[in-house]
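Encoded as structure tokens, here's the structure I'll be asking about.
Labels A, B, C and D are assigned to the chains in the order they are written; within every chain, residues are numbered from 1.
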């Protein structure tokens, strides 16, 4: 049985709160539905590299995690990111990063998802990265029913 | 004029120390030479996800940064990662991550680099990710001579 | 000076006709505009692999070429595909492949483009691959003005 | 029971001969062993693009197929390429392309493989592309025993 939208978002936020690395960075789950996810990350000095931009690793963390949420919410089983690819399109200078991911194809054992990452500066969103990856059901996950612990 | 091996490593460590995000995570540059780099990351609770493994974003951060060092040390100009792709091959459970990257092709405006990431558990290294990406000269970087601030 | 839509499509078809490999496979350029391209490939027995599907190399050829057209039409200079990534989502069984690509970010020296490939069976389109890549200005291309020979 | 080296190569050549697209292009399987594959492609006019190089789609076909062979020979079950990424490092101008692929990680349901593609000109090999991808067991393939029809 699949979750209600509210239950899905609540569950997603619980998962995020249980990831020490996501807590360290300060990620926030703003939306989660069947095959779509929106993660935010308020910028802070600790997330920068030497030129004053968000470190590439911060942007790729957000893309990776958004891809996983989109795939996990689409498949409703415990999942992991098997692989992904990211193109950085602009230095991430601003107050906030927003990653929006969606499932392009949902199979029984994996999904293919895409993600756009925007940097928000003075209220204006600009695309700073584009990503694409494979979200895989955890190998030993029980078959078709929803799970407590995905993604 | 290109740097001596000692100068190259010293310079690389200075760059790493100037990246707040790398300091936050605790990355260490163990080796750097023309086209090759080795980055370590001692595991700590803050780097985990909810299943007790290193978060994928931690592994991809390390791969991304190692790729950048390999490309930057090969080209000896200020660089950024333009894009990369990573496949996770095994949950990263252990005391330490080690990323080893090398430049496969070095051009005047960009390099193509590959990277293997290992997780070390009880002294044994196991491959946990494989990455490949493009390291690009910063657009406004002065042409062929070495720079103080790469990668 | 940028081309009219008609001139852009006519030019794109000339380029395609000048690629022996595209002629061998039978690709057709159906649409081309600033940052968008649609390539078709009627299926034929020579394009298959041993299971009766279009060979992966056929699907990736079409995605690669569509990415190049989208990037080339966006930048209006001679370009090449520098790198791309493709996820196959379904066996390509049908009468025709359609690749639709668009430029997500257009810079002066490169563009980042994405592409969806559909297989058409009995008139119904189904997604069979998703791709993303970097389209780069040819290194020795003259700077900002449009060119006769892109992409 | 796994195949002898001779049987593996003979089987691989049979598979190649059964792929119409590989026959059309003229690919030759020169070596195949547990987790490693070498594919050759003699250059011919039909494989070119408009600048006189091998078309990118030709290079990516060869990389894709070599990845599949390396993964299929490592797993010894019927497989497909689930996804891959390729960086082109140099225009492919020469008499022959050689793709050498190897399995970096072999799991029960998929392998991660890497590939280098060289162009041979006047007897000298030069790297023209680097690729990395996931080779997946065909969904409905019988579990652990070797198969007649992989990859």
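We adopt the following convention: a residue touches a chain if its C-beta (ideal position, glycine included) is under 8 Å from a C-beta of that chain, and two chains touch if they have at least 3 such contacts.
Just so it is clear, the structure is predicted and the values come from calculations on it, not from any experiment.
Between C-D and B-D, more C-beta contact pairs join the chains of C-D. Each chain gets a centre from the mean of its Cα atoms; the one farthest from the centre of subunit A is D. Averaged C-alpha coordinates put the centre of subunit B at 29 Å from the centre of subunit D.
Note: centroid distance subunit C to subunit D, computed from Cα atoms, is 23 Å.
The multi-chain contact residues of subunit D, meaning those touching 2 or more other chains, are 82-83, 85, 87, 112, 134. Contact residues on subunit D toward subunit C in their complex (touch as defined above): 15, 18-22, 24-25, 45-50, 54-58, 60-62, 64-65, 68, 80-88, 149. By the touch criterion stated above, subunit A contacts subunit D in their complex at residues 82-83, 85, 109-110, 112, 134, 139. Touching subunit B in their complex are the following residues of subunit D: 85, 87, 89-90, 104-105, 107, 112, 114, 116, 127, 130-134.
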